[in-house]
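One structure is given below, encoded as structure tokens.
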Amino acid sequence: MSLDKNAIAEQIAADIPPGSYVNLGIGQPTLVADHLAAGSGVVLHTENGMLNMGPAAAGDEVDPDLINAGKIPVTELPGSAYFHHADSFAMMRGGHLDVCVLGAFQVSAGGDLANWHTGEPDAIPAVGGAMDLAIGARSVYVMMTLFTKDGSAKLVPSCTYPLTGVGCVDRVYTDLATFLITGDGVVVRDTFGISFDELASRLDVPLLRP
Amino acid sequence: MSLDKNAIAEQIAADIPPGSYVNLGIGQPTLVADHLAAGSGVVLHTENGMLNMGPAAAGDEVDPDLINAGKIPVTELPGSAYFHHADSFAMMRGGHLDVCVLGAFQVSAGGDLANWHTGEPDAIPAVGGAMDLAIGARSVYVMMTLFTKDGSAKLVPSCTYPLTGVGCVDRVYTDLATFLITGDGVVVRDTFGISFDELASRLDVPLLRP
Amino acid sequence: MTARFFETAGEAVADIRDGSTVLVGGFGMAGMPVQLIDALIAQGAGDLTIVSNNAGNGDTGLAALLAQGRVRKVVCSFPRQTDSWVFDGLYRAGKIELEVVPQGNLAERMRAAGAGIGAFYSPTAVGTPLAEGKETREIDGRTYLLEYPVRGDVALIGAHRCDGLGNLVYRKTARNFGPVMATAAALVVVQVDEIVDTGSLDPEAVVTPSIYVDRVVRI
Amino acid sequence: MTARFFETAGEAVADIRDGSTVLVGGFGMAGMPVQLIDALIAQGAGDLTIVSNNAGNGDTGLAALLAQGRVRKVVCSFPRQTDSWVFDGLYRAGKIELEVVPQGNLAERMRAAGAGIGAFYSPTAVGTPLAEGKETREIDGRTYLLEYPVRGDVALIGAHRCDGLGNLVYRKTARNFGPVMATAAALVVVQVDEIVDTGSLDPEAVVTPSIYVDRVVRI
């Protein structure tokens, strides 16, 4: 059976080594936090200047001065640290984060990422920290559905949307399969409710068995 | 009468506007601190990561973790702040210090500074923060004797010693005169125990009257 | 020069001139210098370039300044938000310029301005549309883009506490762009929640040393 | 990965290899990681490049490491001090390489390494002998030199307190190069005076966040 977004998040969470420093981007990737094992020791980074961010704030915990990159009120865990934006992005761009998890419009077979702009001429461009994260983290995991609502594949020979980063994606976690982007090509690590052959027939990207 | 080093320091201290942020380098310029008026509000910077440094530490005040750029134990004043070396030099190089006071081997008529290296072939080069200070502070004051022990002028048409910075010196405070380095040339602001004409005859630099 | 303290936000921004580049702190509402922006709106300066992470939300603050036609150009990382209708309208009508800058480049370019760096090679945005027109260079096998400093005539920032000299501390993620912008502008105006005695802030915990602070107003 | 805690300095530096570039914190004796240096001396690695503000004082610490012939090259701002006779002797005998770097460039080049900056244009040393061989560029009417990152295989630094995650605070001017070096090396080893419970350091006052700290030993 194909995975729902929580099940994808669970897959990702299981693959993050204990003690990792991780940035979960904004939107769906933040679900990964809910599936990290208790005691995993994973430390979450938020681009707006904090390490060891805790879960979303509820009720009295809400503090307008304590928000995540998606501007949602969050909490702090013991051992958290605050820093300014240049330090936060130096941390990101300097290759100190072990993992980041990002959403995507498209990922290419070579690991190019498109997740910031639809390319439509009247769309207002807005990039935030996506390009910094894409090139900065040691491992970049993408979390997305494998096909758009109209059935187009999002894992593609080369991206048609404007790029966020070149050759930066390491793994693609989707509802139907988990892909490893390797020097040899795209490896299908797991499939969910679909066979390797059916997957291969629906994608325009050469696939390798694990 | 010519000035001794304390009298030169007094001249400099009198010219530093109240509330200035000032770096006094190492060696003789640190004497300037002793002549700042009480309540001048001058805030001293030390390159090794501190603002609002206090006087030298004595007795029980000595703390090996609290030293100045000359590695002499110092004290902190209310309102001091500590920061790391990159932040300290960013402050300096970014033009945020109002004044720095440096010693010199030579200053040229165009404001070039030579204060880090005698140029002797067997001398071990050592620059510390001198080049950063020279180009970083808004106003660079030099404190020196006007002539070497063997009678050579230290205010020269162009420096023969290796340079620390180009066109960076604004004022030269010496035992015999105070000079302003201006776009029009070298202005003699004050003389001490010497006439303008005698000064002009002993220097190889065209001098302007104030 | 040590900081000056003002009674009102209006006095603290009174001399901001037409055509100024104004760095505005905050990420979302955290750290947003709301009262200083309101004072700038009341003050009247126009033809402004605003450098901030976002381009205004709802109908207040930066959005209100934009709505008055006072802003010629916005430099930001993320102008498109669910409630950024004022910016959206001006942009689609061709009434405002936009320079989109990756958030890390935005922060680093302001740091460069504050640190005396002439330009730097950044790893971000290589091979993307935001690399267009930028000089590239390969260093140790990796490609970089040349990025220049972003400098302000004025910075408007929010902080938590200030001592009598002008040393600042922030609160939690409201710190964000404040400390960087404080280094990057010719005139730094800060609104603070609280003014405390000089000597009562821990010198180890000061985030923005007083050297960067020109004007302070308590809100 | 979160920090590992070691019982002895020897274990914490056991795997430093011949030929490594080692960043060594401290300015004078303040912040000098004395026990880690002693452990490195005992450990035996040679052909080292040492990056530190000074080049050893007296006959202990870095000077002792140099005296054993274990250092191929020193990168520093100020090797010449009244008690730097070990370095002086080796240098005059042609037995050690020296790269003199203005202190601000040294700090900024390590910051660049830690921040992912490929290179940067620095205002320092223009027109001086230390500009020789460096690329220059005029930007907005001012001349700059192109400076490249300084990266370590290892950093040895001293801090005051560490919590269970690896967050660090320093004491007074002993902070100096520690926070910058912690960002610039593949392996960061820290000696601390005190280990405290996670949650007992003020999150607003952490200077080196735990992400930069690999190994900790209490002295």
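Order of writing sets the chain letters: A, B, C and D. Residues in each chain are counted from 1.
The working rule: a contact is a pair of C-beta atoms (placed from the backbone, for glycine too) under 8 Å apart; a residue touches a chain by one contact, two chains touch by 3 or more.
Everything quoted here is computed from the prediction, not taken from an experiment.
Chain centre most remote from that of chain A: B (centre = mean of CA atoms). If you average the CA atoms of chain A and of chain D, the two centres end up 34 Å from each other.
For this pair, chain B with chain D, the centres built from the Cα atoms lie 28 Å apart. Touching of two or more other chains is recorded for residues 108, 111, 115-117, 122-123, 170-172, 203-204, 207 of chain C.
Taken residue by residue, chain A touches two or more other chains at 76, 82-83, 89-90, 93, 136, whereas all remaining positions touch fewer. Pairs of chains meeting the touch criterion are A-C, A-D, B-C, B-D, C-D. By the touch rule above, chain B contacts chain C in their complex via residues 17, 19-21, 41, 43, 45, 51-52, 76, 78-83, 89-98, 135-136.
Interface residues of chain C facing chain D in the complex, by the touch rule stated above, are 108, 112, 115-123, 137, 139-140, 142, 144, 148, 169-172, 202-205, 207. Note for the complex: chain D touches chain A at residues 1-2, 111, 113-117, 163-165, 167, 183, 198-199, 201, 203-204, 206, 209-212. Every residue of chain A that touches chain C in the complex is listed here, in rising order: 46-50, 63-68, 71, 76, 82-86, 88-90, 92-93, 112, 117, 122-132, 135-136, 162-166.
Here chain C touches chain A in the complex through residues 27-31, 77-81, 87-88, 91-92, 98, 100-108, 110-111, 122-130, 170-180, 207, going by the rule given at the top.
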